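In the two complexes below, chain A is the common chain; its partner is chain B in one and chain C in the other.
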Partner chain A sequence: MDAFSMGLVAAMGALATVAGASEDIESDIGSQSNPNSQVQLAAQVGNPHRIYNKAISGEPPANALWAATAAIVAYMLITAFQMPAFSALVIGASVAALFNGVFSMSSYFGRNASQARFNQWIYLDIVRYTTPSIMAHAWITSFCIATISYIMAYMLPTPHPFPMPIIALIWGLAVGAIGSSVGDIHYGGEREFQNRAFGCGLNTMLSGNIVRKAEAGLRNSVDNAWFCTKFGGPATGMGFGLTVFLDNWRSTVFDPVTQAPYAIAMGIFFIIVMTLYANYVEKSARRKYGPYPEYKGDVAA
Partner chain B sequence: MSVGGGAGGAPSAIDAKKLRIYGLVGSVVGIYLAAILNSALNTTLFSFVGAVASIFAVVMGANAVRRVCGYGIGTGVPSIGMLALGMGIIATMFGLSVAEAMGFGLLGPIIALVYAMVFGYIIGVIANKVIKFNIPVMEEGNADLSAAGTMAILGWSFAISGSLSYDAIVTNVLMTGYIAIIFIAGGLAILHPFNACLGPDEKQDRTLVNGIMIGGLAMVATGIAAISTQGLASGLLLTVIGFIVWYYFFMWYYRLTKRDASAVVGTGLLPPSAQ
Partner chain C sequence: MNFDINTIVYLLEIIVGGLLVGIGVHFVPVGGAPAAMAQATGIGTGTVQLAAGSGLTGLLAAGLMMSVTDNIWVILASGAVGAGIMIDATMLTGSWIYAYAVGAPFASAKVTYDPITGWSQPPYISPGTVGQGIPTICFVSGTIGGMMGGLGGAMIYYPLYLINGNAALSAMFAIGIFLVNAVLASWNIQGTIEGFHDPKFKKWPFAFRACAVASVLLAIAAVMITGGA
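On to the complex of A and B.
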């Protein structure tokens, strides 16, 4: 493996780290995915709020759409007009961000209008100042993912056999799935229930009783981005960055055609190491922090 | 966790049977009309008719999602949309390749549609009887969804390739990777309307208008893709028509939102009832 391809793999890892972080923050500003159910429930249990309610399917399909949109626009510009890749990717990401804006607004309008009986108002100022920050993060995510796809399809020594839009779709699904499982917990568990003891879990009784007030005034979704940038976003970035880096590292170090068994064995090795490490982290956290003080043992179902 | 879906058997102003007829007839007629116009006049300018035809299918699909998911499937809405397009992609390729093998390329959409409905119905039976969803409209809904997914994929694939032949679609849509955007934008056009409007005060007209709006957005995306396969004129025409459809229905959707919401305010604190 030459230095150039190692550099490419490193660049892909870096891009993926940024994409993961921005994806998580984008979904947190809009309260998408898992934490969305609490935002949706809040009005229904008598707590109308000023938090963005962006229900665009789960994160994986939504991010697959942004990434695929950016990739098809870039691919079209590169193949039909021989545009330089960098400009094409920038234009692609901009189109994806516009799509994101339309989807975000339509969900905010739709979800809140469907809660009319609970007196959940639609605030246009929220649409005006929150949607652009959601779109900006979607721009970063889709630019990074489309660039990773471009590198995989055209620049690696053994180019990926799939066309660029398909690779973007798959990485979009992956970043959404990772954001949904890694970063959302920080927003859903810690931010929406910030007034409860750390690690207390979510009692059914508390469903919908999310924090609606901020240090001054009412909490808004841009504040949530500030909070989630501290842990949820970077953790997601690390998760996705490692996924992209390790996956491409093994298929760049070992030639995927002649040394396929080694590449597969290396993949299995990574999975085993990560499973053991995850187990260790969970056990050590439980050992250090112990059960939650009010924990009264498991309740029979 | 269900996030407050509409009550079982969501009330609707337009009957599902009527919407199914509109969806099926509109999409089949539209795709054939586009194919005949394109081949008779030896042009690709009429590819946009195929994309408009897909929107009929999307409306039917969005209504089917609404009916099935109205039984309290909240988080399953995205899954069912993806399922629709997954069934659709198999049926499309099956229909087109069988028609090609038989020597009647133009029969492709009909074979795909029949196969999709049977396939969808069987998946509905499995979902109800084996997985035990016990949703009364599951079989019917899945047949509708599968048909909608198939016609949406077929219409938009036609819009990109400009021809109904299996080879043209494989070369222009599958090998270029444009199928990615058809799959995901089509899937979201079918699943997003009900997902975006989920809640106890969801209204059928608002949901379906949202579907047409997202369909317009998907048309814009296919138009961008068509620029590289059919040239600037056909691609831009498709993009511009998609944009017009999107804009018109977005404004309509906003009007319906203002009609249905408890209040649309420029800014303000929480409603008086909550303070």
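On to the complex of A and C.
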């Protein structure tokens, strides 16, 4: 291992952190993935709203599509036209963002038009100023992931055998899975339902009863992005950054040819540490919040 | 292609890999959309998505290892550990959100006491929900599931790469076989499960049979197509 490859791994970790954060915020602005079920339901239970409603697909396949599109375009420009890598990655990410814009807008129009019978309107101003924000975040995500794939395929001391688009596809799936498992909870579990008592899960009776009013005026998706940027986005970035950094760190510090068992042992060490830390988080949450006062059962807390 | 004893070994490896993926999915604690609203225990996403995210991260690690060594144990372990790191990082950061943003203690609705920590669960279940967060038992179960997925992905990739020597082709086939088995298992658990302590986990033999049939067919196709290319 030399200083240059360590720097590359650090850069990959940083890029992954940014990619994770922007991925989550993109899905929050567009209201994609799991919390979208409540946005979809809101109009049906009599709460028409001004929140962007795009559920193109689950986040992992969607992000795999953006990242792989960016990587394929960049790969084609680099190999067929000898374009400098940086410009090629920028153009690739721009193409992915355009795809994202087309899917987002058709999804918004389609979903809201199908809810016309529930008095849900299509707001053209929402489409005009929210879609570019979604596309911008998709651009950041796909640029970062395509760059990570480029570093893994061409620059690390042990180049990855998979071609760049397949690496981007897999990291796109991973970032979508993390964004949907981590950041979405902040949006779905907290931001959409700030009208209920803090510290409880969503009571099934409140399904669809999302918050529709903002600090001033009516709440829209850009307000949601403002809120989720404070914790959900960074936590998602941390999750994806940890995945990319720890996974590549152990195989860069320990040479995979001669020290493979050390690399594996280091991975197992990381897994044990994370398990213990999660147990600590659970313990501290139980200690700080205590049992629910409404509980009437006979099992002691 | 030449059909010999090696081909049978390759077929068996792919089938075992597919079965590992199928069973591994049963361990991953996924609560689907309700978990994203802190309405159900587990990770707030879909089964296949999380299994694919972690298992394929393991495939990346295994692919890297396979480019420098042909020791099967190192490759398989690398795949399992890569997947384990991904799923643990996901569950850990997800736990931060449940604990510090939603502000809810973690609780499983399927057991009265957590089998690992011994902590009571019902008093901590938010009213009107079926648990929330990722308790230790779910975390451990998820780690096992993710690692089984990574192991399975690596076990599918290994023989394919030996047959055709083309990393890209083998990776695409491995991703395909992985997803088929993950989807079959996901139907078996009907979208949500808490882990190996969940009563739904007992349904795994159904998925085992379905995944075995699917893996046999896919293994034959994969070995023939990639081998004949």
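Keep in mind that, in the parts below, the second predicted complex is superposed on the first by the 291 of 301 C-alpha atoms of A that agree within 3 Å, B and C clash if a C-alpha of one lies under 4 Å from a C-alpha of the other, contacts with A are read in each partner's own complex, and residues count from 1 in each chain.
Note that in this section contacts are C-beta pairs under 8 Å (C-beta built on N, C-alpha and C of every residue); 3 or more make two chains touch, one makes a residue touch a chain.
Everything numeric here is computed off the predicted structure, so don't read it as measured data.
Trainee: Would you check which partner chain A:V257 touches, where first means chain B only, second means chain C only, and both and neither mean what they say?
Mentor: Touch status of A:V257: second partner only.
Trainee: Quick check for you: in the superposed arrangement, does A:I166 touch first (chain B), second (chain C), both or neither?
Mentor: Both chain B and chain C are touched by A:I166.
Trainee: One more residue to check, A:S37. First (chain B), second (chain C), both or neither?
Mentor: both
Trainee: Quick one: chain B or chain C, who's touching more of chain A?
Mentor: Counted on chain A, the partner with more touching residues turns out to be C.
Trainee: Check whether A:D125 is in contact with chain B, with chain C, with both or with neither, and answer first, second, both or neither.
Mentor: After superposition on chain A, A:D125 lies in contact with chain B alone.
Trainee: Let me test your reading of the model: by the given contact rule, A:G58 touches which partner, first (chain B), second (chain C), both or neither?
Mentor: both
Trainee: Examine A:V95 and indicate which partner it touches, taking first as chain B and second as chain C; both and neither are also allowed.
Mentor: In the superposition, A:V95 touches chain B alone.
Trainee: Report, in rising order, the residues of chain A that make contact with chain B in one complex and with chain C in the other.
Mentor: 37, 58, 61, 162-163, 166-167, 169
Trainee: Show me the residue ranges of chain C that touch chain A in the complex, using the header's touch definition.
Mentor: Residues 32-39, 43-46, 49-50, 52-54, 56-57, 59-61, 63-69, 71, 74, 77-78, 81-82, 84-86, 88-106, 112-113, 117, 119-129, 131-136, 139-140, 143, 167-168, 171-172, 175.
Trainee: Could you pull out which chain A residues touch chain B in their complex?
Mentor: 36-37, 40-41, 44, 46-50, 55-58, 61-62, 64-65, 68-69, 71-73, 75-76, 79-80, 95, 99, 102-103, 106-107, 109-125, 162-169, 172, 212, 218
Trainee: For a test of understanding, state which residues of chain B touch chain A in their complex under the given definition.
Mentor: Within the complex, chain B touches chain A at residues 1, 3-4, 74-75, 77-78, 81-82, 175-181, 183-185, 187-188, 191-192, 195-203, 206-207, 210, 213-214, 217, 221, 224-225, 227-228, 246, 250, 253-254, 256-257, 260-271, 273-274.
Trainee: Touching chain C in the complex: which residues of chain A?
Mentor: 33-35, 37-38, 58-61, 158-163, 166-167, 169-171, 173-174, 176-178, 180-190, 192-193, 198-207, 231-232, 235-236, 238-240, 242-243, 246-247, 251, 256-257, 260-261, 263-264, 267-268, 270-271, 274-275, 277-279, 281-282, 284-286, 289-292, 294-295, 297, 299-301
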